[in-house]
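Written out below as structure tokens is the structure these notes cover.
Per-chain residue numbering starts at 1, and chain names A, B, C, D and E are given in the order in which the chains are listed.
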């Protein structure tokens, strides 16, 4: 088991390195040395990324040899172990996070004013990176709860980083939602623990089907609902999404990217864990909660998209789009089909990069021109060609235009749905994609339009506004674009998210989807 | 005034309410005068039967006082001495100015001055023969006191008070207590008990008379002292 | 059942601070000696109490008996797991509070009185913890009332006097109730000794049992600030901060709660109470208090007032947990004594440090304080997160076991209540953190980052230690010889369980 | 063995004669008079302690005064009730020590020797009262301590003192008459005055006149003890008297009334049908007294009046205990009589020391005195808390036992009475403590005050220590009085 | 009839009771201090009368027991008691009188009503009064 223990060590490092690194960065403000600070941030973030990649590869190797790793880190109080474990879904998710966060940090270097406070931003982001990795690698519900609560709280200072009244309001709203959700999660976790005397994640479900006779059905349903609702807040599952459209525009753009790209996804990820590894497919069918979830998710896909159409603020529009896109995943899982699940998992990763990239773009536009409203972005394409170009690319990816990454996920997802006979689900997905086009096309169209009188981008005294001089931001934007292309074009290659997602689906549902 | 009246009515009711059970209870007592009542058959019978012989005085009252229940009498002597102490400690803040300055008539004056020595002699007689005849220390002491009071009515109280020095007055007043205490303590070697009188008749006689004298002199002096104090003539 | 060893350490632990109090009174105005004696006693007591931990963990019970105070009522000490747990918490915090107080009170008047009574307080608290029977407990309980009185009164102004009077009226009233309850108890059982599984049984008769229960719970409830009887606690906030900390975190309220625990576990016993069903009502009351007091806390503008209401709410966690009558809930009740104590004392220390450093007392004045006093406010944040129930912090452990216990008891509603209370906690703690860290400093003269307020390191030190404890209690609870195992042992004894809980 | 019992009459005679000699020997030498009085009281205390030791050692014993058989002569006897002579002697001793400087200011120099004489005679009367086994002798000694007590109240210089003393005297004399009258009735019924003989005879006698005697004795002693509706003489008298006298009065003289009640119960122990209604009545009167006294104390501004009302309350407790007639309640009441004596004398002495130093007696005027007179103030604070019945101090034992007895007798409401009264007591105690320690001085006299001389603070301190020590000695005390309680009531549940 | 006969046989006692109650009435209702003392004296007298009556025996001689005298004799004990009682009564009365004198000197009256009035008046000026009158 030396392989297993080295994997445990890697998992531990993947969590601890960013956390300790982040704490170190906090103090960077005192150094008054920008280069040193940047070096630390870079080393920590890239180091974490490297660790996660190594870990993922090791996991994949082990999985091919039929091994699974679990490491008990320490015992919180005797019966509750804080434990990490590396499985395919976790590794995929950890890798997504570890990849997106360095990009966000890079973008932030350009985005944020160069003062002592930016190190706090970096520090918080790094610590939340560690915590999110912890969520991804949790071996049981309690560990998940621990990291989930921690990074939820850590997001708060990041949302209010701008210190504007809107930011404060959004921060309060965020806290109210998230803490309420956290409370429900807590209750749900306690209930699960009480029912099963354990909170371990198990392929096929901790609460196995056979337990139904012994355990109170009401308790099980309550636990399921509590956990779904609790994580649903984070996952922005309608109608629990209220904080999302406020928090995203208020937060600094690089953090919006993280927020939309991975933080919301953490909620979805947790829902997957709960549904598949706590309750298990069989029990879920028995309890009959899936149709309800499907109903909510389906409504969310459509309704959020419609709301996005009506929104003129770019970041708000993107926020609604996140709600809609993440609902795909919830919708997909209700079918309990391995292909759909693999597609959903891949979609999470893909979405992280194109949505993150879109927010980078929005951030760059905001930072360089001060524009938020789409209706005023005429002529932007010429002023900021690289940014606008990437934005176009990413928007197309989101619409699901092949061969970009958005298409891969949706396709897999859709084909799985079709296989499982979920044509209603499929219809919803298609409708969602259509609506995505409806709300994203105007953006593309508008930025490439020629500026008219009264538009900010009209040549004039402010002709210098909007030149893409901040290279860190541009780097992040372009990197996101490149990754999106790569993920789409090379989706089928081994080691890319889709393959990992398949492996994860296999592990979770216990059947092979790709034969 | 209304409160006063209400208080009176309440008191009347209370006393009336008390009267019924009180009287009812009293008539349940053995009737007075019957020889077979417990008051006569129990302890008293014993006193009458052997008291004179054992106590050494034919006057059983004196026997009871000075011998059988000597401790009571010692207490009694102390009470009256205490009364004087108390009066002396408290009085004197009253002013002397309000004494009646008018002297009594010369007749009264003369008669009393004449009677004085006779009263004193009679008192002495009562005291010394207390154990055989009706009388005793207290009775004689009262006579002595009365004589002094009478004298101070006709002479000025202060004059009478000054007849003896203040220091001596105190010792005189304490005579009863001191003599009684000494006799009581002598009882220990002589009779084996405190307050005991010896069996030897002569010695017992002497001690009894000494007690009577002490009580008489002390009582008289205290009574006079009380009067002086009330009259504002006490110089102590 | 459990091996009892005669040992003088319980007595010494009580006497140490008594002697210290004497010494402090004696040295009067010599500050160095005052500090020396206070710290020496704190250290010795700390060592004495902790030295009993291994034995207690091994299941030994230390006893020290005096003669009988009254027929059938001995005066003595018996250190069982629950008592030792309470004593551990108190003696540990006393060391910290003493250091803090030495920093905080510097330059105040009547310091020998202050530190003398301060020492007496802890002496009585340990006495409460080690009491072998209700009467001994009551003696120290009342002494505690009396010894804290001068501390509340310390400022000697009108507000202090009012508060102190209120405190006294309430606690004395409570003492009276306890006394009455004790008399009833003694008359029906003939003993007051605390037994591991209770001294009452059903043969006593329902109305007697109810009367005893009501009297004892209400009596101890006064100090535990059970809600209709809580009014003294917010008022007592006028006291100097170390005293508030002592009142709220260590001694007074915990003494009340400890009394309630003793009543439930050692006077009535679990089985009897379960049959009687009184505890359900108590749990219901505690549930209501948890929410109502939190709402009240939310409405307070003064930092310390908010802390006070929070205390009321937090104490009802303990009462609720005890009233649920399940082993895990009992564990939650006992462990929360420590968790609440360390978390709350951190908050109080911070409030005091802020007041000393910047003169700010109100929530809305906190703007920018985080930048003036970053370490202090960081500690504050940790402690408040503990109350909110964030995992890794002490408060989470309580919530976890309390939830399981509530579910065991078939009262899942309390999980919901707890969640709501946790949210309310967030609602009143986070705005303060928000103010402190995210709001800019008002541009007033003196608010210059370059000359930060100088707060004595004797105040900062304890704050950081306490904050570290908050994490240690949450994250390292299971480490060897941490209080957790002791609490677990105590809960096991109450339920007569041989095997470790779960 | 017999030689020992000679000390029994000496217990009473020593202070009586010593008192009588005081003005004779030391009329113009107050200091010498004080020394003399203290010496006499010390010797008396030693005698009392020796007798107590013998009592503990070999049980009760009696002494035939003059060598006459009990029913012919007077019998003195030492029993557990009589053992109250020990605290009585010691408390008087401390009060005398305290008086050394106090009376120098409070009493005219020419009368100081009278003052000491009266105190000693008071002690002698008390001791005699306690150890006598004869009904009429009981009356005589009662008069000795009563008359000296009336006078002692009047020795104070305050104008109100004479009025208070007169009030005390009129009621006291009337109550003495009731006692004497009842003694007459008993004599008429039984023909004997010896307590034991009379008790034996009364057990067989017709109920009505016996009831009369019982009512008369009980009422008479209740007045002396200041039981609730007949307590109104007490506050004025105890407040007006010089402080050491107040201490003696509150601690001992009212307790003599209690002892009288005990003797009455002993006398009628065989006539249970008569006793029952009386005991019932006594319980409720006691409860009213306990509550009323405590509440009245709460509203007083004069510190000595406050203490006096608290005496009424404590007498109420004791009567509750006596009336409940259960083993624990009665022994509790008896122990409380002693404990209250110690506590209350400490309080009065401490108050006296404060008045001596400042001339102020209003609680509000005494503000800030705690720092000026640390020992005295500490004694007062400590004993006030003891007074409230906080364990393990002396006030607790009795109240606890009485409360237990109340429950045994089926009166849980009385527990509430005791508890509430205790809280009220603590409330006014706290008021005083507050003023002493937590308020700045409001009067020049306070600001310039210094600690009282050692002759004052030492007794206070000793009594303070005693008020703790007696609390810790609760069990032996209860065990000591237990048999007496049983024998007085016949058998107790 | 029987009642009347019993009452008649106990008439001495009943008179004593009547006297006792009369004295009590005066003691309780009179507003004059001297009269109160007189009431007290009446009560005392009644008690002495009662006690001495218990020692009475029909046709009895005083207890001067010369050898050979057959009796019956009155019981000596009540006599002795009453003698003691009288002395006590004298003591108490004299002390009461002295106290009344002092009251009169201080309040200018022996009527309780008037004393109460002057007390009430003095109360208002108590503080100033107390120091001034301390030398009295």
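Basically, contacts are C-beta pairs under 8 Å (C-beta built on N, C-alpha and C of every residue); 3 or more make two chains touch, one makes a residue touch a chain.
Worth saying up front: this structure is predicted, and the values here are computed from it rather than measured.
Chemist: Determine the set of chains touching chain C that also touch chain E.
Modeler: For chain C paired with chain E, the chains in contact with each are D, in label order.
Chemist: Would you mind naming the chains that touch chain C and likewise touch chain D?
Modeler: Intersection of chain C and chain D contact lists gives nothing.
Chemist: B-E versus A-C: which has more C-beta pairs touching?
Modeler: By number of C-beta pairs in contact, B-E is the larger.
Chemist: Just by CA atoms, which chain is the most central one?
Modeler: Given all protein C-alpha atoms shown, the central chain works out to be C.
Chemist: Taking mean CA positions as centres, which chain lies farthest from chain A?
Modeler: Using the mean of the C-alpha atoms as each chain's centre, the farthest one from chain A is B.
Chemist: Any idea how many Å lie between the Cα centroids of chain A and chain E?
Modeler: About 106 Å separates the centre of chain A from that of chain E.
Chemist: How many angstrom lie between the centres of chain A and chain B, each centre taken as the mean Cα position?
Modeler: 114
Chemist: How big is the gap, in whole Å, between where the Cα atoms of chain A centre and where those of chain D centre?
Modeler: The mean C-alpha positions of chain A and chain D differ by 86 Å.
Chemist: Distance-wise, how many Å sit between the C-alpha centres of chain B and chain D, to the nearest whole number?
Modeler: One centre to the other, that is 29 Å.
Chemist: What are the residue numbers in chain C that touch two or more other chains?
Modeler: Residues of chain C never touch two or more of the other chains.
Chemist: Going by the touch rule set out above, which residues of chain B reach two or more other chains?
Modeler: 22, 26, 29, 37, 39-40, 43-44, 47, 69, 72, 75-76, 79, 82-83, 86-87, 90, in rising order.
Chemist: Of all the residues in chain E, which ones touch at least 2 other chains?
Modeler: Chain E, residues with two or more chain partners: 20, 24, 54, 77-78, 81, 84, 88, 91-92, 95, 99, 102, 106, 136.
Chemist: Touching pairs of chains, which are they?
Modeler: Listed by label, chains in contact pair as A-C, B-D, B-E, C-D, D-E.
Chemist: Per the contact definition, I'd like the list of chain E residues that touch chain D in the complex.
Modeler: 20, 24, 27, 33, 36-37, 40, 43-44, 47, 50-51, 54, 77-78, 81, 84-85, 88, 91-92, 95-96, 99-100, 102-103, 106-107, 115, 119, 122, 131, 133-134, 136
Chemist: Provide the residue numbers of chain D that touch chain E in the complex, in ascending order.
Modeler: 136, 140, 143, 147, 150-151, 154, 157, 159-160, 162-163, 165-166, 169-170, 173-174, 176-177, 180-181, 183-184, 187-188, 193, 359
Chemist: Which chain C residues qualify as touching chain A in the complex?
Modeler: 385, 388-392, 397, 399-401, 403-404, 407-408, 412, 415-416, 418-420, 422-423, 426-427, 430, 434, 437-440, 474-478, 484, 488, 500-502
Chemist: Which of the residues in chain A end up touching chain C in this complex?
Modeler: 74-80, 142, 145-146, 149-150, 153, 156-157, 160, 163, 168, 171, 175-176, 179-180, 183-184, 186-187, 190-191, 193-194, 197, 219, 222
Chemist: Over in the complex, which chain E residues touch chain B? Could you list them?
Modeler: It comes out as residues 6-7, 9-10, 12-14, 16-18, 20-21, 24-25, 28-29, 31, 53-58, 60, 62-67, 71-73, 75-81, 83-84, 87-88, 90-92, 94-95, 97-99, 101-102, 104-106, 113, 136.
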